[in-house]
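Chains: A, B, C, D and E, in written order; residue numbering restarts at 1 for each.
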Amino acid sequence: MTNIENNDFEFAHKSETVDHYSGKSYSYGQLVWHRFLRNKGAVISAVVLIIIALIAILAPYLSQYSPTTPYPNQSNLAPGVNGHWFGTDNLGRDIFVRVAAGTSVSLRVALVAMAIDLVIGTSYGLISGYFGGKIDLFMQRITEILSTIPMIIIVTLLVLVMKPGLVSIITAMMIVGWINMSRIVRAQVLELKTSEYVLSAKTMGESDIKIIFSQILPNTLGQIITTFMLSIPNAIFLEAFLAFIGLGVPAPLASLGTMINDGYTQAIVYPYMVIFPVLFLALIMLSFNIIADGLRDAIEGS
Amino acid sequence: MTETVLEIKNLQVAYHTDHGQVQAVRGISYQVKKGETVALVGESGCGKSASVKPIMGEKEANQIIKSGEINFTYQTENGPQTVNLLKISPKIMQNRIKGKEIAMVFQDPMTSLDPTMKINKQIAEAVKASHPEMNKDQINERVLNLIETVGIQNMKVVQNQYPHQLSGGMRQRIVIAIALAGNPSLLICDEPTTGLDVTIQAKILNLIKDIQKSRKLSVIFITHNLGVVANIATYVNVMYAGKIVETGTSQDIFFEPRHPYTWGLLESVPDINEKVDELPTIAGTIPDLTQPIVGDAFAPRNKYALNIDFKKQPPMFKINDHHYAATWLLDKRAPKVPIPAVLQKRILKMKGAS
Amino acid sequence: VGLLITGCQKNSSSGTKNQDKITVVQNATVDSLDPILAYQNTSSTVVANTAEGLYTIDAHDKPQLALASKVETSNHGLTKTFTIRENAKWSNGDPVTANDFVFAWRRLSDPKIASAFNFQPGAAGIKNANDIVAGKKPVKSLGVKATGPKTLVVQLDHVVPYMNKLLAFSDFAPVNQKYFEKAGKKFAQDSSHLIYSGPYQIKDWKLGDNTIQLVKNPKYWDAKNVKIKNVKLDIITDPEKAAIAFENGSADYVHLSGQLVSKYRKDKNFVNDVGNFTQYIMFNLKKPGLDNADLRKAISCSINRKEITTHILKDGSIPSHSMVMKDLVKNPTTGKDFADESTTNLYEYSPAQAKKYWNKAKKATNLRSFTLLYDDSDPSYANVAAYIKAQVEKHLPGMKVTLQQVAKKTRTDKMSKATYDATLTRWGPDYADPTAILSMYQSKNDSNYGRWANSEFDKLMAQSDQTTDQAKRYKLLLKANNILIDSASCPPLYQIGAPVLERSNIKDLPMHIAGVPFFFKYASIK
Amino acid sequence: MTKNILEVHHLKQYFPVANKKIVKAVDDVSFNITNGETFGLVGESGSGKTTIGRSIIRLYWPTAGEVIFEGEQIAGQLSKKQTAKLRKDMQMIFQDPMSSLNPRKKVGDIVKLGLDIHYPKLTKDEKLQKVIEMLKIVGLDSSFVNRYPQELSGGQRQRVGIARVVIMHPRLIIADEAISALDVSVQAQVVNLLQRIQRESGSAMLFIAHDLAMVKHISSHIGVIHLGHIVEIGPTEAIFDDPVHPYTKSLLTAIPTTNPIAEQNKKLSNYHAFRQQYENKEMADLGNGHYAIDDGSWTK
Amino acid sequence: MKKYVLKRILIAVITLFLITLILFIMEKAMPGSPFNDEKMSHAQIAALYHKYGLDGPVPLQFLNYLKNMLSGDFGVSYTVQVNTPVTTMILQHFTISLQIGLQATVLGSVLGFLMGILAAIKKGTIWDNLMTGISVLGISLPNFVVALIVSIIFSYKLMVFPGTYQPTQPFVSSILPTIALSTFTMASIERYVRNDMIDIMNSDYYRLADSKGIKKFQLIGHHVIRNTLISVITVLAPLMIDLIAGSMVIEKAFAIPGLGTLYISAIQANDYNVVLGITFFYAVLFIGIMLIVDILYGLIDPRIRLDEGK
């Protein structure tokens, strides 16, 4: 007992009637953000994705070549020749610039399609799940029927009936893409709507709309974002798939999918025509998948 | 003196988390003797479960055992043998100890049975693990036997049911039956009645008690309800913030409590035989175990806290051979603080009644 | 991905190991083996090699009598009497009879069956054929008769010089009526519902398979001269896969794409042929603005055909200046090629000319944009279309070209309904005569998708039909051809190349430019 | 006699389940709550306690029976005005402190919700002022306004749950097992708080629990419910001193006490009943507002 | 249960009817006719329309189609395989797709399952990272890219397997397509199994089973894998449908005359009956497998089974 003070054995009388909170507080968003940042793979993927996006946006300004103008006498140059970093294609167009342009087309297709899905899927799921009963039954029948039609049927037929192009590809994705989102949101809503905090808001007289938007939606956001992030690679893949079976964006526009399709039959002769778009496609898909995983882990909390 | 089955020495367990290391168990020591029931009581989060998981060799990914020994003594062909459970190989743990020498009953009966397996199969598995020599009929017989032991009458029906077809109380009985399958010498019950309502709780407690007596089992019983402890325990360890703050026999703790925390816990169990205007409480909450604790962890909530409580961890003061408490109030320099009046009255009444 | 290493200069092995077996890779699937329904060229190849007709085409592109042992001509060439070989037998042992031809040809002409080739009896000049197809006369009135079991009499409306070649085409193959009726709906659906009169028969096959194995037909009248015992036709649409199969040794004859040509140009198995299709732009003359000849000429002059063939296609295709392709028809008197004799400067690349025409056109029409339609049946079309777009927009300032890619059926639909501006299209002759191409530009022809109409052209075509003097006829057709190309209503671009890899030890297996591509009977392995 | 704030007459709440079957969760339940008093409802798990609470507050549509709140029938179709009154004057505290607070909302916003709905005229600052006052009343200081529920302990959360309800000055609070999920030591804190608030605001309370000891402490009247039926009802003393129904008795003996000697000699009753046993039975009047179901399992 | 199945079948019938109807209308709206070709005259096309009964009013055509359909007659192909009954064609091409699809399903799910188990048991170790890495890659690489890679390596460079499907050696030539087709399934199953197993290994019932002291493999086998298997069925079913229905991409890449290839060529050729027939077949396959899975799921999982059966 080294330094016993005189008053050590007197009552401290530190009576507290009110709890006091000390310690730093993080909002939910901050928490998710911090957890996400700790996931190295996801952060690297995000950086890769940003670089790819920058390339897609900036390439036309960085390079003197146009993605669409043919220079037939420059055709099929190997990478590095004449300042063509990735070489040139059958029409003598610079592959680097084309890959960049294709990436931006692919990304746009995916983002637009997914954004629309997000809106349709989320509101469908919210309405169907929250109101339940007959409304739910009816809406569920619709999704049930839609989901029994193999996706490929809808997509191929639609793209054939409409003319191939961005609009029809996006429409096709819209028709089928939202079902998954709506299912996930609905399941979440079904779970949340019997949760005690929603019941509590109900007993206080909160309106349905407010309950949906301020009590339920924020709690499904995590799932929605994860699903959204995972559907982006799906959409990119779908676009590439359509291109692969010959239903891609029309020339001279090129998406990664159409470029791969073009290069596919020349892989042993001009491998660089297919390697670079494949590389970009794989990187984008990989990055989105890893980010989505990271996001899910961050949202669910490890 | 009866033989010691389990001896825990200075066990320290921490968990690695996002917010830093949670010092869940900050050095506890106690013994369990043959045929005794040792209770661990304390509020939620004070480290009760964390302190028994290492006994069963349960290792969570973020668990860190910082120090300690868990010496377990059991009978082999060559007589009694003592091993440190923290040191033995997982294989021996799995093949020799788990289910055969030490068994466990978990808190939540609703989720602790495999939902896709019939009851008899789940019990049979445990029987087979500890009695590999038995044939099918013998196993069957023993399964029925076990179901009967835990007080289920229509065992023929129950054995062919799935867990979700049983009520919570029934499921907890099945979990106990599984624990008994290997004839263990030590049974660990981690809040086996917390999820159940009072009537069923009372029945399960009786069951555990009966079995414990008839088989001379040693039991470690975890709960946060002192009322439950009174029913079942021989020895009681009161835990707070990862430490044992008071330990003693059941009589010591209920009739001669010395630690203000024990007082608080005892007071907060309402007594139906008396009328009070306001229930006594322990103000505040348990401390954040990621932060370093200076002095007595209970001090901030302690009405009787001394200045020294905020500076220095109190040692275990000996009250008698089997009763110790870690509070500066027992220091000879400290002012004399009597048991709170209400509690004193209650104790007197109880003593008188019995 | 890093394993894709370019420039692997290994030379494909030179010969087949097997002396009596070859594998030929085709890129079109078999749609039917019923002679009158077989449309894809893989189908007609199989039909022609298993159901031989009156003629075959030998390795030097000459028609040879096949199931007919002799033919007599009378009535100023308007009656032909064929004698069927005594030893001509079906593979089930039945003798091949004259009636087998009558039956087959009537089916071919039957408008109810609507064979895609039902114009052919008419093209061959057979009596009443055109009227039958048009529904004006009964099928029975077709000018073919069996006057004896082995005597087939064919009556003609007019003499067609290339009739023998035409009759070698698969749709004129005989059909055994008895067998046909017995097989019913199953006829030609699989190898157990087919019998053969030709050098080969089919082993274990059903419609839809992507491999057909032909084995020598022991009952074939000329079996002793058939050298290759087994011919396997593999259908692989991707030329690169086909090339790999060739390198693996699992194929002996494959078609190459332009890209592959640069890899195999030096290979000793490499053969660079030209194909039988002319690729051209067809304008819809019903479309205001596009009916302006100056505009069309401006467009035509702005395209550098040489650049397309040497830098974009690289497959041995050649710039084209004529609707009638090279190597199809020769001047009967001089022996010069029809394509070389049809000359116009409209198809030379000339920015100056283009500008001149464009300035003229700009005054006459305010059309400043049009859509160029093309289909996805060949990957090169997209490249060519993109090139045309760039060239036109470069040399015709102010003109905008929109590209539209559709499925082939959609393109033909748009063409037949005239709901297009301009389209990239191609045409291959069904027989070696200028009319096989030129006749579709007659104003009444259903296939005149550009809706181009020129009365002088029509007159010349009608005249040529009636002319039996070959030299005179040649001149008439050449003149008609020149009218057509001078109008720039369908400027030709190039004649497609047909680069192939063929084992160097395979002899006498040329690819025929018109009609059935392959006759395996004459081929051999050295 | 004081006026009844809530009268429940022959309330039935059935739920349709799979295969056209119904679950009779609550069957013919009647009781009254007088102004300012606390009525305790006890019974084992699954006996229908929660269902009664939720039917009264109209989270369910009652199958049959009357619910009269401050003189108005609220069991059937409700007018807008009635709904508004009900939503303001009757409030519920939920069982699970983990799930009864929206994890994405700050404590301040959670407590403020009632004000936002029913007092739209208050300014932002006034609302915040009220929230902070309310938090102080439940023993939390203003630093909690910006916390998220996950950061609080169980007891603190439950106090937030109480603050959220009390800020609206309800006339009737339904506390559905508001303390069951808490540590024994914390249960007392919350019960004290509820009692204090009740004393100060004069609101009545329907206190639902399965632990008779706490119920005894807080309520003046108790109803014992079993299998959807009230088996015994009466003033607290009567239930504890003269229980007649064997089910009530079995509940009483099951209460754990801190007396090791008594506990170890405790005899448990072996009461067992079926649903049919209670169906269509009268309540026997034992005087003084003490009633028990006359199902033949006991004799007067 | 019976009622449930009946209800599902009713929904299926309605769905099938709607699909047929919508498709019928869409096909009529599609540009071009099946007989469209540069060389066909109007008269020929009209004759063919008449011959195949395509010249009447559309509602009547639809009724006719339905009537024939009910008697199992889905018509004949117009252009792709002229005059072959559609049912024959589907059967013929589906056999090939089915073979490759089943191979891929087995390969993918077995491999994925094993990898998932390994990753879950060795959670947090290099093995886990490796397996997870492979699976992320497998999910991210479109199967045509995998097809390209494997065919270049094994067919072009090493020349060990043919790069195209050969009916004469159906197994050897299906190895590469099987690999390319199975990667996605393998990757998804791996992820699913891993996560599911980790969940189960954190569950209370796993803790209890572990405390019984049974052998580790028994523990994993009886409690973890069994429970994982049950839920894997639900993910596997739709994947499996994709595989056996004939992946157009893989069939195109390896020149496989499967159902997917047929479907694409029929669509491109406007071969109405074939398109309709295959679509119908796909829908039946899809609905049927989903129904079977639901029933199976109920049979395997006692919680669902007994609640329904009560």
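Methods note: contacts are C-beta pairs under 8 Å (C-beta built on N, C-alpha and C of every residue); 3 or more make two chains touch, one makes a residue touch a chain.
What you are looking at is a predicted structure, and each value in this text was computed from that prediction instead of being measured.
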item: Pair joined by the larger number of C-beta contacts - A-B, A-E; value: A-E
item: Farthest chain (mean CA position) relative to subunit B; value: C
item: Cα-centroid distance, subunit B relative to subunit D, in whole angstrom; value: 32
item: Intercentroid distance (Cα basis), subunit E paired with subunit B, Å; value: 54
item: Length of the line joining the C-alpha centres of subunit C and subunit E, rounded to whole Å; value: 39
item: Distance between the centres, which are taken as Cα means, of subunit D and subunit A, whole angstrom; value: 46
item: Where subunit C touches two or more other chains at once, by residue number; value: 1, 4, 238, 244, 406-407
item: Multi-chain contact sites of subunit D, meaning residues that touch two or more partners; value: 156
item: Residue list for subunit B, restricted to those that touch at least two other chains; value: 283, 285
item: Residues on subunit A engaged by subunit C in the complex (per definition of touch); value: 68-70, 72-73, 75-76, 78, 90-92, 160, 163-164, 246, 250-252, 262, 264-272, 274-275, 278-279
item: Contact set on subunit D toward subunit A in their complex; value: 54, 57, 59, 83-84, 87-88, 90-92, 94-96, 99-105, 113-114, 117-118, 136, 139-141, 143-144, 146-148, 151, 156, 161, 164, 168
item: Touching residues (chain side subunit C, partner subunit E) in the complex; value: 1, 3-4, 29-32, 34, 37, 39, 111-116, 118-119, 133-135, 185, 189, 206-211, 234-238, 241, 244-245, 247-248, 250, 406-410, 412-416, 425, 427, 430, 446-447, 449
item: Complex contacts: residues of subunit E adjacent to subunit A; value: 11-12, 14-15, 18-19, 23, 26, 29-30, 136-137, 139-142, 144-145, 148, 152, 156, 241, 245, 248-249, 252-253, 263-264, 267, 279, 282-283, 286-287, 290
item: Residues of subunit A defined as touching subunit D within the complex; value: 17-22, 25, 27-28, 195-197, 199-206, 215, 218-219, 221
